[in-house]
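Once you've had a glance at the structure underneath, I'll fire off some questions.
Chain lettering (A, B and C) follows the sequence in which the chains are written, and residue indices restart at 1 in each chain.
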Amino acid sequence: MIDPLIWRATRAIFLRELRSELRNRQALNAVALFAICSVVTVSLGLGPLMPSADVALVHAAFLWIVLLFAAFTALARVFVVEEEQRTAAALRLAAPPIAVYLGKLCFNLVLLLGLTILVTILAIVMLHIRVGASDLLIGMLLSGSLALVAGTTLVAAIIARSSSRGALFAVLSLPILIPMLVTAVRGTAMALAGVNWERGMAPIQTLLAYAVAMFVTSLFLFATVWE
Amino acid sequence: MALRKGDGLKIFLGLWIAAVIYTMFLVVPQYVGLGDAGRIIIVHVPVAWITSAAFCLSAIYSIIYLWKRNPASDVAAVAAAEVGTLYCIFATITGSIFAEVVWGTFWNWDPRETSILVLLLIYAAYFALRSSVDDSERRRRLAAVYNIFAAVTMPFLLFVAPRVADSTLHPNCAFLQGSKCDGISLSLTGAKIGQLGDVVIEFKSLVKTGTLTHATIEVRMPGMKNIATLVPSLDGDGKPADRPEFPGQQFRMVLLEADATAGTIRVNMQAPGTNLLSNPRTLWVFLASNLGFLALAFWLYKIRRTILQVQLTLTPGEINI
Amino acid sequence: MQALELTHITLDYGRRRVLHDLSLQVTTGQVVVVTGSNGSGKSTLLRVIAGLQRPTAGAVWCIADTVRYAPLQMRHAIGWMAPDLMLYRELTGHENLRFFADVRGFTITDTAIAELLCEVGLEGRGGDLLATYSSGMTHRLRYAYALLHQPALLLLDEPSVMLDATGHDLLARVVARQRQHGMTIIATNDERERRFADVLVALEVAI
């Protein structure tokens, strides 16, 4: 882990991914448009909700559903593109597996954080979501994104090596993400309702624990998937 | 020709499970408050337990596969997953029936229902993954990785999500909102008013009639104007006798201890089904049921494992399991 | 890494056996040429040696200072190229080589990369995106990818396919240099390339 060569390779893979996506922006645009469309569709159908006991929960659930499906379209790309453009072999022979995992994980994290910011701001504006505790909301979205990325990146590597890629990603990811989603939705609802940090810490801790558990397991298993 | 030993065991197993089901319907006493529907737990609970056990077994064989890379371990993991799926479906169905009869809904998103559904989804995903990888070595490897990865999420699903989610209908004090596992103690001379969840209760009087001890308790439910009065009781052996239902809810009030001279009681709220196994006859049938379904699971597992193993030796790399 | 050892390599694709009980020893300075008709498993053999594919039975050992390593542990000492090797289309040739040097963890100057590009016949084209390369130019960049880290074991699959007349000269130069400090394995059916061989392995289509 402390090996500087690993960090250097990780950094190179992350930057390569960023550069490729920025030069060929179709995929990024498609994902962003998908997220925007889902927010717009929901706000058209739903309109601003009347304040009630459940409104925070409804908003939180909606936010995470949009993020989840945006993640399903976006996060598998890092590995699927390598297999589709057949560059995986070149990378496999050159890079340490851990660095491949870490580099792709970092890229996915940046991508998802970007999506989260976009979706959250749009949703707050279009759905008139009232944010009770904005600092707690940021903490919740941050730890939720970490958990989501840690839970899906290994699955992305798995489905990239199967024959039916796109459809399988959602099928394999969903059962793994359910504990994290339940916690994130409840936690986000609490943040929207405006509870204090002491109560809000419990979901954040759960999300971080989930992220760490999935991350460590992925580190152990990734080389087996990638070989 | 005399029956071989294996055949004898199979017939014995069949008779055993038949006997369990017979006693489940006709011998085991009806549980107060659950009615005949309560009998289904004699099947439901063992099946649900064995589902989890099969899932663990499958994950363990997946770990062994990644370690030793021998196809036989993968075959065992698949066989365990298949038996697990079968039991998982059965547990889901029996659980839904029970939920409909007792709680009035087939599905309630209570944490344990969620976890068994997620288990079913994981199995489905596991088999979907297997069928979409062509190369047999890679198929085994990826499926084993997924199996282990999914197993790591189970503790979160079982222990963490329930803490966050709102309520459960499953009869277990740790999961029941408002229930403190030991109940709360009230005294006529000291603290008369207590709270169980959202419900405020006030201890009014304690009367001993014959062997039964009756406590009169006033209950204020949130959102209800009227005050209800419940009279739970305790029999001569110190066991709860009458467990009145909270008005408009599925939960019951139970008197755990009562001291008529000191004027103190200990009460708690219970979901229907608690203490079901305190009846010795029920307990024995329950244990027998566990044993029977475990043996059945093991037998199915061995059959599937043998068949898959034979397929593997006949057509190496060809089977699409 | 001084030697390569293949012990009883067998590889099945489903029911079809591609490689059957193949054993081979290569030491520094040797050039091995693998020949065989289409579908005889030449490319597969090279992929197995590179560590891209796991054999059904048998093992590949890279021997360095009498210790045996699996090919993937010897990543820094193996260079592989094949017609189906793809590099990143959104990067330039120069950026591709820079990326693979970073990922392999060694330092290389821009001048050294430019020299390498020049040597494989891509002089002045290092700044162009790979998407604009012709198939012959892409193939020349594959040489650069395989030679970048000066591997002790060079695996060349169909090295002169898609190349023009100067392509053979490039291959001859590469093989001559590799002969001085390492091992070379070439999978080909080209008569001129067969002449490089110290050891000739002829694969047949297994039934």
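Going forward, a residue touches a chain if its C-beta (ideal position, glycine included) is under 8 Å from a C-beta of that chain, and two chains touch if they have at least 3 such contacts.
Since we're looking at a predicted model, the values are computed, not measured.
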- Query: Tell me, which chains sit next to both subunit B and subunit C?
  - Reply: A
- Message: Comparing chain centres built from Cα atoms against the global Cα centre, which chain wins on proximity?
- Response: A
- Query: Measuring between mean CA coordinates, which chain is farthest from subunit A?
  - Reply: C
- Per the C-alpha centroid definition, the whole-Å distance linking subunit B and subunit C comes out as 58
- Rounded to the nearest Å, the gap separating the Cα centres of subunit A and subunit C is 38
- Task: Calculate how many whole Å lie between the centre of subunit A and the centre of subunit B, each centre taken as the average of the chain's C-alpha atoms.
- Result: 33
- Message: Please output the residue numbers of subunit A that touch at least 2 other chains, ranges allowed.
- Response: 227
- Query: Considering subunit C alone, which of its residues make contact with at least two other chains?
  - Reply: 54
- subunit B residues touching 2+ other chains are none
- The answer for subunit A against subunit C in the complex is residues 5, 8-9, 11-13, 16, 19-20, 23-24, 85-87, 89-96, 99, 227
- Message: Under the definition above, what is the set of subunit A residues touching subunit B in their complex?
- Response: 151, 154-155, 158-159, 161-164, 168, 171-172, 174-176, 178-180, 182-183, 186-187, 202-203, 206, 209-210, 213-214, 217-218, 221, 224-225, 227
- Message: Going by the contact rule set out above, which residues of subunit B touch subunit A in the complex?
- Response: 66, 114, 118, 121-122, 124-125, 128-129, 132-134, 138, 141-142, 144-146, 148-150, 152-153, 156-157, 160-161, 163-165
- Note on the structure: Per the touch rule above, subunit C residues touching subunit A in the complex are 50-52, 54, 72, 75, 78, 80, 84-91, 95, 99-100, 102-105, 129, 145
